[in-house]
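Chain naming follows the written order as A, B, C and D, and within any one chain the residues start at number 1.
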């Protein structure tokens, strides 16, 4: 098994991701971890809420993993996303990639998070000190 | 404290790296983990041995961290390297970077591992099925 | 035909789904027009994609009653 | 003057350090020449840098007895 995809309303388990990625034939691993930041565009954020269209999001995440395995010289990839309410410092997303050499791991990891933000049907609502907003909804 | 450097003969503690990097003002973290691969240039590897000129290696790792903090829009960086004998799948190096946005974290992490491999006085001996070799020593 | 709503489209419509008369939305393009005409706030969105059977669909895609259809406002995961 | 050795230079010399007569190595460049002439295998290395007081040093750097000097063969960390 070369890819592992998960959407969860519980905290994401980085050790589970690492156990999946670590392998005898890997010399390099890259992990991208998104965390909830305390501010956006100069405004304080109190917390976030993530909603997904889960069945479709899983399919889109699998497409990203398949494309990464095809386009980059990597051995395995995991894409985990959390949904529900998240506080500052909590982790909405983890992407792990394993490869023989480091350049492919970096490139594939970056490709995966960039594409996830463009195609996967997951929506983030920011709760600011003065109100709330669905991120990127409006021009 | 924005940088943390360590050379250790015990297994590197990823959770310690994460605790150092995780911060309210970070929205992105990138972790590069080097692992011992079971083969090199088609030959089986049984294990590796890493030796350092520790006092100088620490200085060079600190220079890399300082340059990364100066050149990239990141908040913090950790560079950990292990020495001694390492088996397949064990971890010689961890680099962690935290930033508000992901591009800076990826760029700084890649800069740090690329530069480490060029400047830090640490040497790797590969133990192959037929003999042993100091990596990169000869043209 | 039942249309699922997510994110800001759920807030605009005030419900997790929307019932659309099938004869008013024979294609994905017609469905979008119907939704925008009924909920003008939808026109203010940066984009409004439509998924059919959990895949992004183009405007000329024909809809049938058994399709699983969903409104996909601009995504913002990660 | 005592010179520290690491990696393959330690293996070539067979010791963790090397004693060099100070008058034969007034500069970093002269030290390298001395080491290569005494241990010809050193010339086969891809590079042989020299550190003085834990910093990479250029060939024209003058050496004094109290300097901490080390041979730095090609590094391969990571």
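General observations
Here, a residue touches a chain if its C-beta (ideal position, glycine included) is under 8 Å from a C-beta of that chain, and two chains touch if they have at least 3 such contacts.
Not measured: the values here are computed from a predicted model.
Chains making contact with chain A as well as with chain D: B. For the pair chain A and chain B, the distance between mean C-alpha positions equals 23 Å.
If you average the CA atoms of chain B and of chain C, the two centres end up 48 Å from each other.
One inter-chain figure worth recording: chain C and chain D are separated by 72 Å, centre to centre, where each centre is the mean of the chain's CA atoms. With touch defined as above, residues shared between interfaces to two or more other chains in chain B number as follows: 34, 113. Within chain C, not a single residue touches two or more of the remaining chains.
The full set of touching chain pairs reads A-B, A-C, B-D.
Against chain A, the residues of chain B that register as touching in their complex are 14, 18, 22-39, 88-89, 98, 100, 102, 105-106, 109-110, 113.
Of all residues in chain B, those touching chain D in their complex are 34, 50-53, 55-57, 59, 81, 92-93, 113, 116-125, 134-139. Put simply, chain C touches chain A in their complex at residues 4, 6-8, 11, 44-46, 51, 54-56, 70, 72-78.
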